[in-house]
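Two complexes come next, and they have one chain in common, chain A, joined by chain B in the first and chain C in the second.
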Partner chain A sequence: MKLSNKNVIYLICSLLTMVLILSGCWDNKDINHRLLPVSIGVKKVDDQYLVILNIPVPIDGSMETKIVSAKAETVSKAVDTISRNMESDVDLLHVKLIFIEKETAEDGINDIIAGFMRSRDVSPKALVAICDEDLQEFFNNIKINAEKKGLSTYNYFEKNAGWNPDIALTRVWEVFRGIHSYTHDVAIPLIRSGKDTTMDQIGSAILKRGKMVEQISSNETLLYNVFKGESGNGKMEVMEHATVMLLGSKTDNIGRLVNNDAHMESLIKMRVVILETKGEPSLNLIKEEINTLISERYNKLFTKLQENEADVFGMGQFFRNQIPRDELKNWRSDYFKNMKININVKIDIQNEGYLKTT
Partner chain B sequence: MVRSLHVMIMYVLCHLGLIFFMFPADIIASTEQGHWFPILIGIIVHFVCLLTYMKGLSFFPTKDILSIFSKSKKGVTFLFFAPILLYLIMAIIITVRAYAEIVTLVFLSHTPLWTIILLLLSVSAYISYKGIEAILRAAFLLFILFFPILLFVLIMSFQNVDWRYAIPFDTDLGFISKPAYFESYFAFAGGFLFLGFVQPFFSYERKNVILSAIFLIPFFLFSVYIPILTLGQASASKAFLPFVLIVDSINIDWLMFDRVTMFFLLSLIAFIILYLSLSLWKAIRIINYYIPKSRPSYLLFGLSVAIFFVCFWIPDWKDVENILFMNSFLRSYVLIVVPLFIYYIGRRLKRKDTNETI
Partner chain C sequence: MEQMVLDIKKALGGNDDFFIKRDYLLENEVLLLGLNTLIDITKTKTIFQKQSEGLISQGKTSETIFILMGELFEDDTKKAITSILEGKLIIYIENTKKFIIYEPVPKGLNRSIEVPSNESVIQGPSNSFTEDIDTNIGLLRKQLTSNKLLVHSFTTGKNQKTKISLLFINGVVDKELVENINSLIEKNKSMDISNLQSLSKMLGFSSWDTISKFNTTELPFHASQFLKTGRVVILVDQLPFALILPNLLWDMFIVESDRNFPFPIMITIRCLRVIGALIALISPGMYVALVAVNPEALQIELALSVAQSREGVPYPALVEVIIMLVVLELILEASIRLPKSVGPTITMVGGIILGQAVVEAKLVSNLLIIILAATTIANSTLVGAQSSLSIRLFKYINVILSSLFGVLGLVVGLVFISSYLASLTTFGKSYLYLNIGRKEQ
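Our next item is the complex of A and B:
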């Protein structure tokens, strides 16, 4: 194609305009003028929110942690106050962890979660954890740990790093679902700062409709993860005669409605390997022991959940085809509370290591 | 020139751009359970209209929808074309305004709205200035570039699905009376009109267009069902853009990009720009038919400027929704009256021809 002079002029003009547009420079803030917090802590003090941000700042090749806080009527206002007082702009785009203080969680976190869901910066896949000590102190300990011992908070929950099967992994969108859903509640990791480690996990908090109602242990959290289909891979169980390691697990559930009462049959299949034994127990004895241990633990957990009417396992999901939607609204109080559960555990011992077991 | 493949791709891309945004929210708002039914009805209506329209057009193999009426008086045909023109212009306004808002909502939260409107309009006006040939070629290129990304994100969005949320299946006709349901037809009615405009330039086989319409069915279903299956009806109904929210909560450990939403959105925006250029081109064809003396490029420029100011003048989202609802009447005209009328004229012409030959 031959270009006339007029066309060349047009072309150059349009290309130059594109340079102006494509730079996108009107309100752009460069990366060195932004602060990207990795975790955010929220606590309710009277009618105000105390927001604490944990901001890693790279200085001379190493990471320093900056802890800043502000108090305001809403979370976003508090973040804005921090942003105003800092020399750079605070951008919540990379927040990975949200800590909420226990007392606040007991009051209900619906508004906080809704705020995070509504906001365009905080990703709905950020993790939520509940902090079982004073938030300010917790963040200060994190800072000390991070600077003196080089421990980071975020890797604690990463599946490909520090995560363990007895830590609940709950994301903002799951908490949001738990608030509105008729049949789903969530468990959230309950943590406090550790002496030698960044965090100590003490169990999980049970959230019912966005309110913390109960606390369960790490062992029980494992059951929660197993039930959710999250792998329990690598978790040890110590019993009287043997120590086994969990390799994999699967649950099959059948929900039936008999005379308007919910009945649940669940079959938990677990694959284990034997690590240590005491004395010379037979395979059957070991199986028997695991069986009792797991079913007892499950039953105890269920009783606890039923008392609180909090369905963290999403059991109601198995009754969706039997209970009409209008009645499903009251699933927690009408059905789940009096649900009969029959748990069967099936153990497969995959191998016994280099030594034989009789 | 036979360009079935290009027409097929254009047909698919136009609809893909429209499906994933407002459509899921509208369907979720229009019924509480059994979402497959409203979607199915929409798809059936879509197919019936498409088939009638194409059958009608097939009576005039070398003519486009405008030249079919070349023998009739212009005043009479104006009555037929004025609503189509009005519909096209309104659809352009709604699309530009809505997608500009979505862009600000999801990633450019600080950028002023008018720049995004300007960008969307100027690019699509430029493509449409180059004519239908350029539009279809661009569609081919965009399809190769972006469709794999879209497919990847779509497959990944099944990550958090709980299939039991699909139950209960039973449904009622209550959605018929909901305004949201009529707004959802925006996704069905948007694309198919262009088949009547391309004919003298390109010919296509009817079978292929039907194939691409069949190809779209899973996209219609999944765009609604993925949010439902992940969040449940009760929570999904709280979301403004349910599908985007789900894409935002996808967590992929092995991917180096943190948020796949960006890829998803940018590919869809590219499709939308294509849809806009096609609509602009159609509108200009109609206007040019009635004002034959003016140059199409001036008309295009004038129309784009007018649309820009109207978009700029719409203050908030509620007004966009109102216009979308008002547009329903024109939409049903385009969806029902236009295909039927074309079919009727075609049949009459054929009968006349056969009578004459006898």
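Our next item is the complex of A and C:
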């Protein structure tokens, strides 16, 4: 159809009007009219949720931390209440951290996580952490310690800032996956406020189907990270004869089903640098020592996990093609619990330290 | 006086600079007709005398002498008037109805060949075109010594006579293109040509194109390189630049004198111009999108510092950007208009008033000033005044779409601009061709 000039003009005009009328652009709020909380704390009190927001507020060139809280039947209602009482609109898009109180986590966080995933207010990439003390107190301590550094809670977990390989990094979507997957659970960092530092990490919480069932130490969390393939770079291991620094690691897993019993072969390859030695141990001795240390730790951790039937390593993933789906839902109780795990650690000493000058 | 002279006098006699002078050529009485504002009479007369004496001494007959002096015509009043207006001297031989169009010594009305005023060259030939079309053709011939360089000239216009020349290299250029242009000029010969708009009307281009169909250059060196890659150059009398047809997208990013640098450096410089075009197109829109619609796309640190810099700004990001962009365009426009001696003042006023005071008065955020500076600087990296103006216009589409739909709108704007560019053709050649010459081979 060929349009006449007049019709083209009408068409353009009506399209322009539609763009203006239908875009809803008047609802856009400029960035300075939004409050951007970095972290959000959730705690269940009776039947209500207590929501605490940590909002960095720029005042005269420096960041100040503002803590606001509200109690309501649901998390979004509580956020809404805060938003109503604040001078700007609360925008959860920049939330990087979600703190959940330990008691709440032990009761199960399925509803909270599902809510975050559903509303999409909070990015699914936000990290989840469990707070091992009263949430209100925790946030107050953060405020005191983080004075003038509004982003310290966020930097603590940032890979290019304060993160360490023995802190678990678990995102909202991973927790959500853990709730619904037959074969995957997650570990979540366990945090409390520190005396001198903003936060102290005391280990990780094991979440099984959205419920906290067990607690593991920082050292065990390192294994969790190494197994997951997160960099373990820079982590020290102290042994009887030497101290080594971990440079990197890689894990190869083979899962086999023998007589309906799960068997797992894990080969962990680690690259290390020797930092300190006592006496003059041979390289083989050092390798042996690391090997024993790591395998022992792994075995201990696995026993703990098997007792709790929580598959944080996602071992079940390797059996997904071998177990029928209707049996897979019993993975945790039928298979994982009795799984045989054989861990081999292969150590590559890349550098004996910077002693030789050639 | 004879009828023809009377006719010429009737047509031009109202001008005070029109002259009729009596003289003798051999035994014939002749009348010299012309405009003394275009002809240096004294010098012309001297040369005229010398030339005729020389011919007489060789014993030529008057008939041959007439032919040797210039072009001989008979009873063509119209031709005579046109020639006078073009600055020729008419030698009218009385009682014969014949006249000679004689090439006089012209008044020095042309400036000399200078360095270009709008296109600066870092390393490369820096002669530039002048207003005189013959000088310009000469400059091109000097750059491109080749027997394949062809020049077609036309005189167009009804009320205003303008000379147009079409230059191309035979064998390299697409024949169809030349034929098309030739026939269009031939067809619309009666149109008055004094600017590019009338020329594009003559060549049948839509007057609503936002991207010029012509690529312009002031440098004979660049024009000659374009000729070598199969383009057509059009020269218009009194326009001190060459028009290159067809204009292609890639011309925005390349300057022929780039090739005077080592190859890697040339690539880097050209990449820089591409980045410049993108920054000029995207950055104001990006600011609006990120500040007003999609702040989640920013890093939290950045988001907080942007929020802080906008604290107290009384209007939405779109209004803020539009106000500052308009002020900036005003400065750009004013600095063209202003005499050179006042130019630095505007720079100072613009720099201090806009840069400092506006931010301090919290009328705009200081991030915006950075964005604007980046936009303007980036825009200036583009080659050719025509193209950079188009980019300057296109960025507003992005700003408005961004304010409506955020980052998505920005991308839609870019897609829209790209599809518009892809829709442009000049005589069947798409605007997005990289190099039409290579295509033909």
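Operating definition for what follows: the second predicted complex is superposed on the first by the 326 of 358 C-alpha atoms of A that agree within 3 Å, B and C clash if a C-alpha of one lies under 4 Å from a C-alpha of the other, contacts with A are read in each partner's own complex, and residues count from 1 in each chain.
As a convention for this text, a contact is a pair of C-beta atoms (placed from the backbone, for glycine too) under 8 Å apart; a residue touches a chain by one contact, two chains touch by 3 or more.
Model, not experiment: these values are computed from the prediction.
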First, second, both or neither for A:Gly279, with chain B first and chain C second: neither
Contacts of A:Val19 with chain B and chain C, given as first, second, both or neither: second
Touching partner for A:Arg325 - first (chain B), second (chain C), both, neither: first
Touching partner for A:Ser123 - first (chain B), second (chain C), both, neither: both
Partner touching more residues of chain A, whether chain B or chain C: B
Partner chain in contact with A:Arg34 - chain B first, chain C second, else both or neither: second
Intersection of chain A interface sets (partners chain B, chain C): 94, 123
Residues of chain B defined as touching chain A within the complex: 32-33, 105-107, 109-112, 115, 119, 160, 162, 164-165, 167-168, 230-232, 234-235, 238, 245, 248-251, 253, 258-259
Chain A - residues contacting chain B, complex: 21, 24, 26-27, 94, 117, 120-121, 123-125, 159-160, 171-173, 176-177, 179-184, 314, 317-318, 320-321, 324-325
Of chain A, residues touching chain C in the complex: 19-20, 23, 25, 28-32, 34, 36, 38, 56, 58, 61, 63, 91, 93-94, 96, 123, 150-151, 154
Chain C - residues contacting chain A, complex: 290-293, 295-296, 298, 300-301, 303-308, 310-313, 316-317, 403-406
